[in-house]
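You will see subunit A twice below: alongside subunit B first, and alongside subunit C after that.
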Partner chain A sequence: MTDKEIIEQLKKIVGEKNVQADKIGLTSYGYDATLLSGVGLAAVFPLSTEHVVKLVKLANEAGFSLIPRGAGTNLSGGTIPDERSVTVNFNRMKKILDIDTDNFVAVVEPGLVNFDLQAELEKEGFYYPPDPASYKATTLGGNLGECSGGPRCFKYGVTRDYILGLEVVLPNGKVIQTGGRNFNSEPEYDLTRIIVGSEGTLALITKIFLRILPLPAAKKTMLAIYNRVEDASQTVSDIVAAGIVPTTLEMMDNLLINTAEDATGAGLPRDAGALLIIEIDGHPEDMDEQVETIAGICKKARVREFKIARTAAEVDQLWLARRVVIGSVARRRPSYSLQDITVPRSMFPNMVSGILQIAKERNLEVGILAHAGDGNMHPLVLFDQRIEEEVERVHLAEKDICTLALELGGTMSGEHGIGLLKKKYITLEFSPVAMDCFAKIKNSFDPRHLLNPGKIMNLQS
Partner chain B sequence: MSNEIVNRIKGLVGEDHVVDSPAGMVRYLKGQGQPLAVVMPGSTVEVAEIVKLANKENLKVAVGGLSVESRGLDGGLAMVMSGMNQVLEIDHANLTATVQPGLSHAEFSRILAEQNLVFPPEPYAPKTGSVGGCFALGGADSQAFQYMPVRTYLLGYEMVLPNGDILEVGNKCIKNVSGYDMIHFAVGSRGTLGIFTRLLVKLLPPPAVKMALVADFASLPKACQAIATLIKRRIFPTRLNLLNPTLAARIDPGAKGNLVMVDLTGFKNSTELLAEEMAGIFHLAGSGEVRIVKEAEAYAKLWQEWLDLRGELNTTWAERVLDFNVGPMKLAAVLQALADITGDLAAYPGLVVEGLLGRVRLLLPAAGEKEEMAVKVNTLAMSFGGNVSGNFGSKLVCRAYNDAEMWEGIESLLGQIRRQFDPKGILAPGVSL
Partner chain C sequence: MGVLNDVYEMLNTCNKCGFCLTACKTYKTDLREPMSPRGRIQLIKKLVDGVIEPDRDYEDAINSCLLCGECAVACPSGVKGNELVLAARRDLKLRHGIKPFAKSFALKTLASPSRLEHGFNFFKGVGKGILKKVDGLDYFRGVDIRNMPVAEKPFLEQVPEQITVSNPQKKVAFFVGCFLNHSLDGTAHSVVKVLTKNNCDVILPKDQVCCGLPQYAYGDFERAKANARKTIESFLDCKPDAVLTACASCGSMLRDEYLKLFADEPGYLPRVKEFCAKVFEFSEFVEDQIKLDESKLKAHTSVKVTYHDPCHMARHLKITSQPRKVLRSIPRLQFVEMNEANRCCGASGLVQAFYHELSTDITRQKTQNIVDSGAEVVATSCPACMLRIQGGLNFAGKKQTVVHVADLLAKAYED
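Up next, the complex of A and B:
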């Protein structure tokens, strides 16, 4: 089939207005939140599972590949097309099919934006725990693709923990349902878990059964400021050891405290080593006891300022620095690269000092933002995209950071995925045997490598 | 030929770790299969060597903690993991443990309790189950509303694959999305993808206080109503289980009627308040007697009895158990409709409900009825948005929708995965997907 014929067929399947084939229009679907980009053959917007099935069948016949895409905010190059691929945009399949609060289940289409779901749930006093910071824009299909996390997931877990079941279209065009509306419906192998986090390389998700929970009855937000990162880190360990599981333990280092202060003038001490936002939730009767324990732990760790929010406005105030922080670095340097590694909690101080060492060696400015409870860190490497030599050093620092995380018993991706960006390092983390297992999984689902080819790893066809 | 193989295996693991006399093998086997030998490896390398040999000679291999399912294992090898039963590390700072797979699940819990730590999954079979088996079986137990399914506790493992390769994945990080999620995919694979030789598991600190509530209900609908009231009021205890009178009598010989068993763990203030509130709700809902169990020994005994009962359902009675799920708020209506099929559920051989999960297990009068009952019960469960559990349930759902194509899609995918990993089909011959 010629490209022109393929495009004609695509239009037949989803309708003229749900196909974008002009090269300029296509650039809108050729990028994500990395510096990478590409231009595909076409972009289509299916409206139903039937559309997706027909697209897959056409792809099989005509020999092009399919790139599933949600909002395109991933940080791994996970939706970058090539010239032989058609981007499948799910953002017109965004219906909420069912919200059943009595039974803790919602059923949605994959293009639904996380925020839109939360807003509907909130009306009924419910929520869906996984909350990537990008939740206002990102789709649930994309959240599943990367197995996204968020600030709340120290207590509540990541995306995979809230997916009860899926409807997917397999690369052979068959529609299957995995799991169901409860924990006990997997057909033997846990197909749901292998698809969640597979970055669009195993199956096209067309329907999602999510676990939803009632909003907690009470919440407390605290802010602790320290002279040294080690003290913040000690606080985190002691809180966990005391049997308290905060929903959130967000940390910012000295550089980011300063950029946030530049942006807000809120009065954060510029010489502080680290700032920690601590949030707990649960029964109202239990809040005071836990706040007291946490205050004691912070004091023991030589906290220099400790604040407890008394009102909603104060909660907002405590979150202010964290909310602006990513944008705030733009005042320093025009670009940043948001890294994503995780280390065991006990290795947290070592990782922080290691990152600062790498920054020095590579002559780069790096700020550290972390979900400290689970050891997931986002070093923000600052640079100027126009300076080629500097970009080169950013790449070297990225590799150093991944390598160090692995040396400390961690992983090179805590929540953003591998995609194209970290593919070149994946064999640092995985043995040839593990890589071979990945290939077996891929070949079981997608022997012709039709879905999102070249992402996560290179495979021989 | 077979003698020669047994000798080679003895050469690999040592004479003392191989049993090949039929009389000697009996205690290690479940079912009627006749393997060539029972072998008890002491290390990962030994497991790998045995599997390589089995691969070359086309021998089937099945694994177990203390005993092995021998179905389909004629002429093959039964691998008993109890020689690999050590706790290799307990890491308090990261709340993890590294253990060998043959460690008894119950023993593991005991060791952790001494160190003031908890491994929440309920043992599948408290007397015999191993930690390796716990993850090989996976699933969700009656605490899953709060503590999540079994897979949540696996952070990594070492596994000998069907070709003898050694796979290592995972680390002490809860957040990890690197590569395909082989870590959780292995959970529930029942020994078909490989043999666990080391497990890295997540632990929790113990809750500040624990107490139980036990309430008798003469009427099953009223007991269900009480459960519904708790959910409506957003009271979610750790466990909320219901037994019909036949099974209740096993746990509490003095039980009058149906028994609701509540496990309540958490911080002191809320736990005590909730216990009082729940007791009030149960009284109002028509419970004859509500007992609050605070004393540690009585509390432990009560839940051990629950675990033992659960173990019976999973083992001795397994062929007679029909397991289905519906939404928790639909329990009352489902059980009412179910009685039209089963007759009075109070007199039935067994009914177990895990209230927060909407999970129902029926102990049928006889194993022979299972298939026929499953079809009826699945139809009923589907009309309430639920289904019979697991693979069997998937098949029934597809059948009910008359969707042969979907079932074929699932079955061929499962088969494809299994073949990719185990092309010769040597592992876990007794497990059909």
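Up next, the complex of A and C:
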């Protein structure tokens, strides 16, 4: 089949309006939130499971690959196409099929935006805990593919912990449902959990059964300001050691405090070394005691100022400042390299000082953002893509950071996935035997490598 | 290419995080990447980099932008998507003029007072009749043709050049604008009534022309400048205390965009600045410049009113509290907020004509929010929004009516 014939067939399946194959369209689906890019064959917008089945069948027949895409906000090159691939945009499959508050379940299509679900749930007094910083734009299907976390995941866990079941189209064009509305996972191999976080390499998701929770009765949001980043990271270990489980323990260093303040004018202290945003939830009567304990721990770690947000507007301002961080660094330098390492909580202070040391040695500017409670850190190394020599130093620093995380017993990706960007480091973390296991899982689902080829690992075709 | 090279650093500052996607009504409605701020910015950058050509699809991406400015508010890195689109439209104009012909014709007509008057006269006389006879053409491109008002006589021909009061406190030159002059003349009368009731002399320069925004928005800076210069000179000649407009779009052009338009003429810039400093939007003037004596306002039948923030009001002029204060000061007026009050109604100048399906979908979201608010009347501050939203409500078979804040306030001065 020629490319032209393929595009005609695609139009027959999803309709003319749901195919983009012009130069402008293809350029627009060639990037994500990384610096990588590519140009595919076409971009399509299926509207139903049936469309997806037909697309998969055509891909098998004509020998092109399929790249599932939600909003294209991923940070790992997970949706970058190549010349033999068709991008499957799920963002027009965005219906909420059911909100079942009796059973704490929501059933949705994969293209629904995380925030749009939250808004509907809130009307019923419920919420969906995983809330990545980009939740206003990202789709639930995309969150699922990358197994996104979010500020609340210290207490509530990541996407994986909230997916009860899926309807998926397998690479052979067959549809299966895994799991469902039941809280107990089905017997035998847990296909749901194998597919969650598989970055679109095993199956195309067409329906998601999510676990939802009632909104907490009370919440307190605190801001702790430090002169030294080391003191902030010490506080994190101390809070965890004291047996307190905040929903959120977010850390930002001086550089990021400043870019976030530029973006929001939230009133963050520009001269502080670091700050922590701490949030707890639960029963109203427990709040004060917990706040007091946390305040005590912060004081012991030489906190400069400890504030409690008094109004909903103050809480919103703090959260807005936190959520814009990754986007806001472009105010400083046009490009960034973002790592997603996670280390055991007790190793958090060592990792922070290690990153500062690496930045100094490589003569690079780095901002540290961390979901500190669970040891997940996003060091942002800032540079300008147009300066080649600097780019080389950035690559060296990336490797240093990943290596250090692994040395400290951590992992190189907590929630952004491997995609193309971190593929080159994956063998640092996994043994050849484990890599072989991955390859066998991939091959059992997708022997012809039709789904998101080249992501996560290189396979012999 | 110079235009785009000048903004290259801003293009390069977009790190594609996607925070703008949700902020953008065209993206949220159409859901294709080229219809998003990130998509448009990346296309402009690819054009400068020589990766793509300025073909029809590129023009569609650039020209379908509402210029509502919401992406600029949402962007963590301070990238102003609307300004980049404006630069891209300027670049297109310099490359090959404004296309298609219908758009360039419309912009030329708007820029010339005599052509504009002929246009409205034709529409009032023959045009509307023809359109009405064509079955199913009551709504042409989402605009309610049958009910679209046309002034019997342009407002400026109905009033003297100067209206004086017995105890003048301020001398206000009223920039009427095309829509209030030719279509919503009743609103223009409301403005004059409020001003005179508040002891303002009103000057109505007869030679006033279009503010130049429509031309400016499509990159015809030359024509926009010609109109801007005429406006600045004829209004400064009157030596007013204030130049008042009741159109948010004209307001943002007169006060903010003129400064950008003449940035390359340092010799003339002081004159521009002198003019811009005198410009006030209606509600802002009423709240901040004249002390509204609420005891003079009379109570009429109780009415539930909501307010639509025009884009040029909320994000360009940044005036949001004053119109609400004016409304709340009116006796027996029950004010309710609607959901997404400050989001675009879908009009956006010529976008509604050239991308009418998209525009109609966006208007439908606005009218739904109005209906859900429970209001009987929608007040706003921009005639373009008024016509668009009223058309949308009529189209949906809803009873709510759209008025200008000035209309409600003027009514409160009646017995």
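Descriptive notes on the structure:
To be clear about the criterion, the second predicted complex is superposed on the first by the 431 of 461 C-alpha atoms of A that agree within 3 Å, B and C clash if a C-alpha of one lies under 4 Å from a C-alpha of the other, contacts with A are read in each partner's own complex, and residues count from 1 in each chain.
Here is the rule we go by: a residue touches a chain if its C-beta (ideal position, glycine included) is under 8 Å from a C-beta of that chain, and two chains touch if they have at least 3 such contacts.
All values reported here derive from a predicted model rather than from experimental measurement.
Number of subunit A residues touched is higher for B, counting subunit B against subunit C. Of the two partner chains, subunit B is the only one that A:P344 touches; subunit C does not reach it. When the shared chain is aligned, subunit C comes close enough to touch A:R92, but subunit B does not. Of the two partner chains placed around the shared chain by superposition, subunit B is the only one that A:M412 touches, whereas subunit C remains out of contact.
When the shared chain is aligned, subunit B comes close enough to touch A:L191, but subunit C does not.
Residue contacts after overlaying the shared chain place A:D131 against neither subunit B nor subunit C.
With both structures placed on the common chain, the touch criterion links A:D231 to neither subunit B nor subunit C.
Note: no residue of subunit A belongs to the subunit B contact set and to the subunit C contact set alike, using the contact criterion stated above.
Considering their complex, residues 100, 102-105, 146-147, 149, 153-154, 157-158, 160-161, 170, 172, 174-178, 180-191, 193-194, 196-198, 202, 214, 217, 237, 240-243, 282-283, 285-286, 289-290, 342-346, 371, 374-376, 409-418, 422, 426, 429-431, 433-434, 436-438, 440-445, 456-457 of subunit A touch subunit B.
Taken together, the subunit C residues at the contact with subunit A in this complex read 9, 12-19, 21-22, 31-34, 39, 42-43, 46, 51-53, 55, 57-58, 61, 75-79. Within the complex formed with subunit A, the residues of subunit B that make contact are 91-96, 138-140, 144, 148-149, 151-152, 161, 165-169, 171-182, 184-185, 187-190, 205-208, 231, 234, 266-270, 273-274, 323, 325, 327-330, 357-359, 385-387, 389-391, 393-395, 397, 405-406, 408-410, 413-414, 416-417, 420-421, 433.
If you check the complex, the residues on subunit A that touch subunit C are 20, 22-25, 27-29, 31-34, 43, 45, 71-73, 89, 91-92, 113, 115, 134, 136-138, 259-260, 262-263, 324-331, 334-336.
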